[in-house]
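Next come two complexes, and both contain chain A; in the first it sits with chain B, in the second with chain C.
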Partner chain A sequence: MSEFVFATAQYESGDWDSAPLVPANVIDSVARYTSLAVAPTGVIVSLGSPDLLRYPLVFLTGHLPVRFSQAESRMLGELIGRGGMLFVDDHNHDVDGVFHRTAIEEIARVAGPLNDLPNDHPLYSAYFHFTGGPPTTSHELNGWGDNLVHKHLQAVQREGRIAVLYSSKDYSSEWNYHPETKRFNSVDNTRFAVNLVVYALTR
Partner chain B sequence: MRSPANRRALELLLRAVAFTGLIWLIAGSFMPHQPAGRVSLAEPSRLTLLRQWSLNPPADSLSVKFSTTPEAPVLDWLVALRRAGTGVTWSGAGLAPLALEVESRADPAGGVLVRAGGAPDRSVALRDRLGALDSLRLGRVGGTAIVPAAEGVIVASVHAESVTAVVPVGSPLHRILVLGAAGWESKFVVTALSERGWVVDARLTVAPRLSVTAGSPAALDTSAYAAVIALDSTASGQSDAITRYVHAGGGLILGPDAVNLRAFRDLLPAGPGHAVARPSLLVERVTTRADLPIHDLAPLRPNAVSLELADGHLVAAARRVGGGRVLALGLGETWRWRMQGDESALAAHRAWWAANVAAVAYLPVAGGGKPVNPAPLASLYQALGPPVEANEGASPGGSKSWLVLLSVMVSLLGEWTSRRLRGAV
Partner chain C sequence: MNARARVSATRQQLSAAVIAASLGWGLAVAMTLLLLTALGDLAFELPYELRAAARGVAIFMGVAATLVTAFRSRGAWRLGSVALWLEENAPTLNYALVTLILDAGGSTEALEDHVARVDWRAPLRRRIGRGTVTPLLVATLATGAFLLLPTNALTRVRSPRPDDGFLAPRGPGESSDPFHPLQVRIIPPAYSGLAGRTLQDPLAVAALQGSRLQIEGHASAETLTAGVGDSSLRVSTNGDRWTISLPMPARPRVLTLTTGTRHRLLTLEPEPDSIPQVHLLLPSRDTARRDLTGVVQLDARARDDFGLESAWFEYIISSGEGENFTFRSGVISRRSGDNKQSLGITTALSLDSLRLAGGNVIHVRAVARDRNTSTGPGLAASETRTIRILRPDEGDSVSVDAMAPAQGDSSLLSQRMLLLLTESLQRRRPRLRRDTVIEESRAIARDQSALRRRVADVIFMRLGGEGSAEESEGAEGESELTPEALMRAASDTAMANGGKPLDFSEDESPVVALNRPLLEAYNAMWDAGRELEIGEPGRAIPHMRAALEAIQHARQAERLYLRGQPKPVVVDLARVRLAGKLTDANPAGTGPRVTGGETTGRLLDRFTAVLELLPDERAVDSLTVLRIDALDTAPGFAQALAPAIANLRAGRDATESLVQARRLLAGPAATTTGLPSWSGAP
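Moving on to the complex of A and B:
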C-alpha cells in the first residue's frame, strides 16, 4: 500500500515556502492520531510539473501575489479534474492582502468560484468533530491581519467533493512550529489538519 | 440330383419361394408407406413435411440431410418421430457450429454482454430487431462483445447459421461496498465507481477500531450489495460475513493486499502468490496500467480461470464459489494510473474498475436472456447422435425389396431350368 505523502506546492510567483514547518507538524499529527501509512517527510512539488499528479492532496500558501503560469494552471486543472484536492491558506490572514485577492482570482480562473463551506460539512467531522466549523486560530483572536474571525472556509466543489479548499484563517502561521513543542499546548491546534488529510483520503 | 423325387421336391420348394416372394412384394405395394431412402428437406417445407410424416410415416427409417442446422421445433419433431419408432439419421457436412449467450451487464452504464462460441476464425454478425449491432471474431475459446443497447432479441449469424437470444431484462442494481484502509487506492476506487454511476458504501479504516464510512454501510447481504471490494487486510474482520455473502451469490473482489489473508484462502481463485519486485522509479512514474505494481497470483486453482497476465505474471483470476463469484486482482495502486496516466487514463481507470465489478456482481435477472436453443448444432448431436453419411443411411427397406425380387427371379429360373433338364414341359 502506498503511503500518504504531504506535498507543498512550489509555484513560480510569490513565496511558496513561507511556512516550512507546517508539513512536519501535519505529518506528526497524522502519525500521532491515526494508523494511516504516512511518509515521515513531506515533499515539495512544482505546481507546473507532471509530478504534481503523484500527490492528490497539495498544500499551497504564501504572502505575496499569486499568478499561475500556463503550465501551473494546466496541471492544477488536471489535479482537481482527476479527483485531487488543493488546500490553499492565506498566510497573511488578510482579505485585503495581495495573496488573498490574487489567489481567489487564480482559483476562480482555473477551478471556478469559491463558495462558503457550510460548517456542518463532512470535513469538520472526518476525524475530529468541529461542531462550530473551522477552528479559530490565535492570529484571528489576536486581531492580526484583517482583524476578522472567519466563520467559514471556502471551497470549490466538484461532484460533491471538495476540489479546492481555501482558508483565510492563516493555518500556515498556526501550524508553523516544531512538532516537539506540541506537548506544551493544552489542545493540539493541528487536529484540524488530520481532518483535512482524512477527508482527502476518503472522499 | 439324380432322383426324380428329389428334383420334384426341389422344384416345389423353388416355386413356393417364388410365390411367397411375389405375395410379399404385392402385399408391400398396398402398404401405406414406402421406404424413403435419403430425404433432403427444403427449409420452408420442413415442418409441413414433418406433420405429414407424423400421420403417415414414410419409412421405417429416415435419413435427413440438413443444409442448415434445424430449428428447435424441427428437431423436436424428429425426436418425436424417432421415439414413435421411426429410425432417424442425419447428415450435413456444411453445418457450422454456433452458440450464443446473452446477459445484462451489472454496470450502471448498461449494456449487454454477448458471448459466442463456434469454429475459430469465423466472424459472427450480431443484430437486433432494429438492425446490425456489432460483429466479433471467434478465437479458440469463442468471443465476447459488449453491446451498449439491444432491442428485443439478439441474433448471431455465421453465414446461413443463426442463433437467437432474448435480451434479458436486468433488475435495479444494488450497491457496492468497499472495505480497506483510508488511502489513495480506496478513495479512487470509490470515486471511479461512483463516477460510473454505482451507489458506493465504504468503510475505510483510519485508526484501530475507527473507520470512516461513506454512504450507509449495511449488513452484507445480496439484497443490499451487488459486490464487495476488499482491498487489504482491514477486511479480514468481516471475513465470515463475506464468505457467507459469496456463497449466497454475492460478488467479491480481492485487491493484491487482501489475497495474502488467511481468512480468504478458501475463496481465492489463485495464489496467494507473491509481490513482484519492480523498480521503485517505475512505480512512482506510472503512466499506464502496465506500469502498476504487480502481485503475481500464481498458481491458479483448478476450478479458476485466468483473466489477465502482465509481464508473464498472473494478475487477474476468477472462480465461482457457491452461488457467487470471486475475482482476485494482482495490480495495485491503480490510483497512480488514474492520476498520472495520459488523457484517457481517467476514463480507462473508471472503465476497468467497472468491468471488474461487472464480472462478479450479483444481478438478479427479471426475465429474458435465454435463447430458444443456445447451441443448435450441439442440440442436434445430443438429440439425434452424430451424423451418418448418406450411403450408410440408405433405407434398409429398399434393399430388402430388391433382395426379395432377386430371390423370386432366381427361384423361378431354377425351377424352369430343372424342369427343362428333366424334359418336362
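Moving on to the complex of A and C:
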C-alpha cells in the first residue's frame, strides 16, 4: 500500500500558497494519532495537471478570487469522478468575500451546487468524534471576517460520499503554524484534519 | 359567313381556350403547392403555423397564376389582334384579312373571296391544344396526387388545427393494440425557436430539455395508467383518444403505459441546452504593469446553440496583502445578444477610472447568458485574466519574487543593441583591417558574454537558486560554463531546492520546461560569442537574431510574475510517533510526569477506566465511589472530583473539573536536565 501524500492545489487565479504550514501540521496530526503510512512532506500539485489524479485528498485555499481555467475544471471533474475529494477552505474567513463567492461559483460549475453538510455526517466521526459538527476556529470565535460562527460545512456529494468539501471557517489560518508549536496547545485544533484524511481514504 | 364573322368566331374559341388555360395554371400552381406542403408535412411534421400559411399561399399563388396567364394572353379578346395572329399563322391570307378587319380600304369583294379560300382551323386547333392541355394535365396530376395522400395528411393541410396530429382514427378491422398507433408530439420551449414535431410509434423520444410532450393513442382512458418513475401522470380523453401531457424530464426516464395486462415503455431522453461558450481574446495573457493609468483593450466572443440573451465583462479588483484583502467588482460593456448565436463584445477598460494603487490585481473575464427560460438561464464565463499593478517599491529588494519582465526587457534591449553593433561592423568590414575587425568583434563578444551571464542569472533565480553558477565558477568577464553544464547545474539547483518542481510537462525535464526560451537564448548567445571571439561577426549575426527571438518568446510565453516555491516542512514521523531510537529519547527514560506512587497509580487507573464510561450514568456512581476511596489517600483529588460529580449529575459540562482532577492525580510535570526530545502533545 502506498503512503498517503497530502496535496495542496496550485491554481492559476489566486494565492494558492497562502497557508504553507497547513500540510506539515496535518501530516503531523495524521502521524501522531493514526498508524496510516504518511509521507513526511506534502506536495504541491497543479490543479490542471494529470498529476492531480494521484492524490485522494486535495487541499485548496486562498484569499483572492478563484477562477478555474479550462484545464483546471477538466482535471477537477476527473478527480471527483474518480472518487477523489477536494477540500476547499476560505482563507479569507469572510462568507461574503470574493473567495467565497467565486469559489462556490466555480465549484457549482465543475461539481454541482454546495449544500450544508449535516453535523452528524460520518465525516465528524470518521476518527475523532465531533458531536457538534465542525470544530470552531479562533477566527470565528473572535468575530473576525464575517463575524459568524458557521454551523455547517458545505459539500457536494456524489453517490453518498463527499466529493467537494467547502469550509468558511478558515482552517487555513487555524492550522497554519509550525507543528513544533502544537505542544503549547491544550487541545490540538488539527484533530479534525485527521478526520478529513481518514474519511477521504476510507469512504 | 363573311371574314369578320369567321374572325369573331375564332376570337371566341381563343378566349375560351385562354380562360381554360388560366384556370388550369391557377389550379396547377395551387395544387402543386398544397401537394408539396403535404409531402413536406409527412416527412418533417410541419408546424401548424406553416401549414395554415401554406393554404393561404396556395390560394394566392393560384389566383395570381390565373391572372398572369390571362393577362399575357389578352390579345385573344381583341378582333384586330386575332386577325393579326391569323395572318401570322396562315401566310396565304396575304394581309387580306387584316385589311378587311381594320377596314383599311381596297376591294371588299376581292378580299372576302381571298379570305374565304383560306382555311385556318388547323393552326387554331394547334394553338388551343397547346395552350390548354399542359396546364390542365398538370392540374389534374397535382390534384390526383394530393387526393391520394392519407386522409389525416390531407386534413392537416386542408383544414389545419393547432392540436391536430397524424394519429389516424382506428378502422374497424385494425388491431386492438391500445398502444398502436402511438403518437408523440414534441413542443419545444418557445425560446429555442425550434418547430414542433410529431413521432409515430417511437421507442424513444429525444427532445430538448423543457419541451412539452403530448402522447396520444387509442384506448379507454379509464383503464389506462401512465407513470414516470414513481409518479403517475394524468390521462385525459378526447373521443376515442387518450392524451398524456408531460414536460421532458431533466434526466432520462422511462414512461410506462399500462392498460389491463398490456404495457408499453417509452424512453424519454432529454437533450440539454448547452451553456454559452465564451472566449476572452484580449487581453490574451496575464500581465503586470507599473502605470496606474491608461487603457486595457477587452475583446471577447460568445456562442450559444440557440441564442444569446446578453454578454458583458466582469472585473474584480483585489487590494491588500497577507490576511487583509478588500475587493471591488463591477460590470462593463453589457450588450444584448438579440437572440444571435454568436456575439462579440469589445470595450476599453480605463484604468484611470478604477482608482488603482500599487499591489492591486484586476481580474477580468467575459460572461454570457443564453435565453434558456426553461431550465436556465445558462450562464458561462471565459477564463480570467489578471492585470497586476506593481507596487512602487517592488524590485527594490532581493527578497521579492524574480520578475521576468524587467529582466527580459533589459536583456532584449541589450541583445538588440549588440545585434545592431555587429551588423554595423559587418557592413564596415570590407573597409577595415583584419586587426580592427577582430578587436571590435571581441569587444562585442565581451558584452555578449556579460549578457549571457545575466540570462543564466534569470534562469537560476527562477529555479530558486541563490546565484548564478556562471558567476560562482567563472572569473570576471570569462565564462567557463557550457550550455550543457548550465542545464545540469540548473537541474541540480531545482532538485536540491526541496521537493518536486511546481509544474512541468511530462516529456521534458523541469529545467527545460520552465526555461526553454531562455535556454534557447542562452545557447544562441554562446554560439554568437564564439563567432565574435574569432572575428567572424557575419557568422555571429544569425545566432544573435535567434537569441533575440528567443528572449521575445520568453516574454510572451510565460506568466510575468512567478511565485516562489515555499520551503516545505518535513515532519519527523518517527519522532512524532515516538518511535525514535532510544538514544534520542529523554535520558531520564521516564514519562513526562512524576506519578505519586502505587496508590495514586491505582487511583489513576480506576479514574481512567471510569472516564471511559462517560457519558453513561454509571460513570457518576463510579466517580462517587472513587471519591470516597480517595478521601484518605488523595484528598486533593477527591476535592477536585466533587464539582465534576455535581456537574455530571446536573447534566452540565464537567470537562474542566475532570481535567483538573486528573492533573492532580498525575502529579506535577517532570523536570529534566535538557530539553525533551518529543513534543508531548496529547
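What we mean here is this: the second predicted complex is superposed on the first by the 203 of 203 C-alpha atoms of A that agree within 3 Å, B and C clash if a C-alpha of one lies under 4 Å from a C-alpha of the other, contacts with A are read in each partner's own complex, and residues count from 1 in each chain.
We adopt the following convention: a contact is a pair of C-beta atoms (placed from the backbone, for glycine too) under 8 Å apart; a residue touches a chain by one contact, two chains touch by 3 or more.
It should be emphasised that the depicted structure is a prediction, and the values quoted were computed from it without experimental measurement.
Colleague: Based on the superposition on chain A, does the combination of chain B and chain C result in a clash or a fit?
Modeller: Fit.
Colleague: Taking the superposition as given, does A:Ser2 touch the first partner, chain B, the second, chain C, both, or neither?
Modeller: A:Ser2 contacts chain B only, not chain C.
Colleague: Considering only C-alpha centres, what angle arises at chain A between the directions to chain B and chain C, nearest 10 degrees?
Modeller: With chain A as the vertex, chain B and chain C sit 80 degrees apart.
Colleague: Would you sort A:Pro56 into first (chain B), second (chain C), both or neither based on which partner it touches?
Modeller: first
Colleague: More residues of chain A in touch with chain C or with chain B?
Modeller: If we count touched residues of chain A for both partners, the winner is C.
Colleague: For A:Asn92 in the superposed arrangement: first (chain B), second (chain C), both or neither?
Modeller: It touches chain C, and chain B stays clear.
Colleague: One more residue to check, A:Thr202. First (chain B), second (chain C), both or neither?
Modeller: After superposition on chain A, A:Thr202 lies in contact with chain B alone.
Colleague: Please indicate which partner A:Glu159 is in contact with in the superposed arrangement: first for chain B, second for chain C, both, or neither.
Modeller: first
Colleague: Minimum C-alpha distance between chain B and chain C after superposition, to be given in whole Å.
Modeller: Distance of closest C-alpha approach: 10 Å.
Colleague: Would you mind listing the overlap between the chain B footprint and the chain C footprint on chain A?
Modeller: Touching chain B and chain C on chain A: residues 50.
Colleague: Could you please specify the touching residues of chain A with respect to chain B in the complex?
Modeller: 1-2, 4, 33-37, 50, 53-54, 56, 81-84, 126-127, 159, 161, 198, 200-203
Colleague: Spell out the part of chain C that touches chain A in their complex, as residue ranges.
Modeller: Within the complex, chain C contacts chain A at residues 316, 318, 323, 325, 327, 329, 361, 363, 365, 381, 383-384, 386, 499-500, 502-503, 506, 563, 565-573, 576-577, 679-682.
Colleague: Of all residues in chain A, which touch chain C in the complex?
Modeller: Contacts found on chain A: 10, 13, 17, 20-21, 23-24, 27-28, 31-32, 38, 40-44, 46, 49-50, 63-65, 67, 69-70, 92, 97-98, 102, 173, 178-180, 182-183, 185, 187-188.
Colleague: Spell out the part of chain B that touches chain A in their complex, as residue ranges.
Modeller: 181-188, 191, 194-195, 202, 204-208, 210, 212, 214, 232, 257, 284, 332-333, 335-336, 338-340, 346
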